[in-house]
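Written below as structure tokens is the structure these notes are about.
To keep things simple, chains are lettered A, B, C and D as they appear, and every chain counts its residues starting from 1.
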């Protein structure tokens, strides 16, 4: 029986690896998801066989039923624009589960504490619960910020890092005491509370727009928590799946940090985005604005158009309207491409998912390094709700918070049009010189509304 | 103590992985080799600690001293052209060791056979010895064929596969009996003998030029044998290193088979190369031949030259002379490149190593897919000891044994010159239409000798 | 069904290597699906949750904690895989059309 | 220092995955060094050979077999690594010169 379980776990671990492997290209990606699903099914089957004869089946089954009943609508109702929030919520669920299982293990094993809760098992248990609880509240905070329920702005106060460090030291002391004397369970609630508090404290000084990076790091933590659970339970499958997850989170956060030209520590402790308040004092400079009608006429007479989508596209949910614009222009023989910056939006790959949702062929989505050479030959660059990723300051202004971040060379296009609601800055909180260039036209308005109007103008003209 | 050993083994396994990872580019390759060496050192240290207190130290130490004393000269004296043979010999050594350890384990553990030699341990032991002995003789045979001590030609006889299958069946019966009754040691010598015999029988029907593929497969077997030893000894490091080795051999042999457009089974059971005998009856066709002087004058007036090296280069050890030719032509402003076919020579990467030995910069070695587009613009293609990899029949003649193998498009160059000793065919034993084209000049002679003479002509002309 | 620390570390090291190798090759196009897929996979703690809840000696506290854990994690699994599939399908469709 | 079949298979599977991933990325330029490097690594059976020869209960037969095994495998290790380094060094030199 045990052998069968072991084989099932091996198969499951292999399927998880294949799942991630197949996700490397859109062609095999669905197969990848499928492999992951089967892997999970095999793992659950293995768990039931391992727990055989399963007691409290009514508890388990009803929990599974409820979880499924909640999960399905979340997956189908959730709009694509809310993917970052959903991911954060999901992390919170996973991490909570790990923490609770760890807690239950600790109390459950008390009678046999002497043999079963010593040495590395106890270390793993403490890590599991620490990471689990911390990721739980941290992910909820991140979700709140992304959903704009909580203030986006980083909240800082004096000696913040010192306070955090002090609390952390207390948690470590408690953990060490528990590791040495696992029967001192009265200490555990304090440890758990500190861990929960910690998740909150770690996130509040981080700006809302850094949440995607934070989520990736929390993903890593959730994985490591599952890993630690594997050490507690002596389950290799948990170790493998957790490690896969941990490395995935790590790599994604590194990619994001690189694309923003910032360091890990800067994201975690930099209180980035604070400067947003200081933008009021900018001197008044002239910009040219234009109407939807004018924009439409410029677009239809262009030979090639590069659309640069950004976070505003996600906010306005303008992807389907943009699809109409794309169809319309392509029909007129205009060559339309999309320039995808690696950190446009609020998640890695955010723009790709949104545009794919609107059925825009993925070979039209061109990555930064590839498309940057095309801007000088392009008639119109149409920026829709993007800001920081087009800011030429990143190339020149050493004092700028985004200095060194690779950007899209939008300023090299013959004509630039920018759809946004105001002259307000983007996430980095800085002014964008792009808007003051002679060849730039500002199209003020909500992305969805403005694009709708442009599209309305276009067929009218076609008929004319 | 055991824990320390375990950590050492983990470190060692990690170093082996890094070692292979760093081998992916010439820049980090030396670091890779270094990581492998340290990994092996750590592993040996671990083994000594695990075996502590080590008995029979005099046996072990003297074996290590002898092994080192033999190994160092082999590494330094061995010419690069003999790399395939050395690899084969090395496989033989590694496999023999695995087989002998397995044998020793079997007898050593007899007193405790009931507990220690049951179930999967015995299965692993049988696999270890089978693969070990088979790889030992197989590698020796391969080495003999490569060194041309043994006949290159495949040796076949009636019902060969049937005889092999029958012997294999006996071996399996013996193995099963031993697995069920591990104390029946009197059967083991027969099993070992059959395994040894098997290695010989599997190789004799395979032609000499297929030996590289065979070596890669034997590499795989040697790895699996080490893996099986890991299962016998309960040693995870052996399992990891063996599996790395096994997958490497597998991938290399797949790459080679693909580059030759042949299947695995065709290599192993196809008795390829037999047809060599039938070449005498070819009709007499006209070829144009030229002297070193003529060749030199054509080369020096060329703007671009692509040199196509092949197995003959390795045989003649002409790489250093070719380097001189290369230097000379480059000094005259002729653009010289090398076209590397994936299976030119007798090992994957064979030509790269030889030319690198002669200090030819590796950015001048261009792979097939990249250089094929350049032949039509190239003034002279100079083929040196290559044959099959340039044969246009592979594109057109469905009946040809090399049909479908991707080739270098030498026939598209403006002028083709071929250095070889005679009109004899290459490994595949078929005629090469390239030699009968109007624009082809045959330069008959040993590769090294002929290139030397060309080089001698060149400076004379420069002076004139 | 337990293991020593050494085995655990061995498995951890190997799995991390695989993770780093494999993830690095995922196309940026699919980074969002990747995030939600690994998110679903991290819900593997369902295995631990089921084992501890299904234990004969499970106290009431364990049962309640286990119940919450399973509910949370199954939500995570179901929504995670379904939404990943939904996303990936969007990319898939384009392939045939192209 | 033993393990169950399950652990062994787990480790084997993971290591094979890593091997396949990593080896596939090795440049064809380096296939010959790759072959001789993995060849040297496969000499890891030296660990088994040392352990069995250094055993207290080793019979004369074991000692002789172990002696031959260690000699063979150490030859393999030493020549394997040295020759790989020799080959790889040749490629290395070019890098700086280029």
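Just a few scattered comments:
Criterion: contacts are C-beta pairs under 8 Å (C-beta built on N, C-alpha and C of every residue); 3 or more make two chains touch, one makes a residue touch a chain.
Only a predicted model underlies this, so the values are computations on that prediction, with no experimental measurement involved.
Common partners of chain B and chain C, by the touch rule above, are D. The chain pair with more C-beta contacts between its two chains, of B-D and A-D, is B-D. Of all chains, the one whose Cα centroid sits at the greatest distance from that of chain C is B.
The distance from the centre of chain A to the centre of chain B, with each centre set as the mean of the Cα atoms, comes to 47 Å. Taking each chain's centre as the average of its CA atoms, chain B and chain D sit 17 Å apart. Distance from the chain C centre to the chain D centre is 35 Å, each centre being the mean of its Cα atoms. As a whole-number value, the distance joining the C-alpha centres of chain A and chain D reads 42 Å.
Residue positions of chain C touching 2 or more other chains: 3, 5, 7, 10-11, 14-15, 17-18, 21-22. Taken residue by residue, chain A touches two or more other chains at 2, 6, 13, 17, 21, 236, 240, whereas all remaining positions touch fewer. The complete set of chain-chain contacts reads A-C, A-D, B-C, B-D, C-D. Against chain C, the residues of chain B that register as touching in their complex are 2-3, 6-7, 9-10, 13-14, 17, 21, 236, 240. Listing the residues of chain C that touch chain D in their complex gives 3, 7, 10-11, 14-15, 17-18, 21-22.
Residues 4-7, 9-10, 13-14, 17, 21 of chain C touch chain B in their complex. By the touch criterion stated above, chain D contacts chain B in their complex at residues 1-3, 5, 7-8, 11-12, 15-16, 18-20, 22-59, 61-63, 65-95, 97-98. If you check the complex, the residues on chain A that touch chain C are 2, 5-6, 13, 16-17, 19-21, 23-27, 29-30, 32-34, 36-37, 39-40, 43-44, 46-48, 50-51, 54-57, 59-60, 62-64, 66-68, 70-72, 74-76, 78, 80, 83, 86-87, 90-91, 93-94, 96-98, 100-101, 103-105, 107-108, 119-120, 215-216, 219, 222-223, 225-227, 229-252, 255, 340, 342, 347-350, 352-353, 356-357, 359, 361-363, 365, 367.
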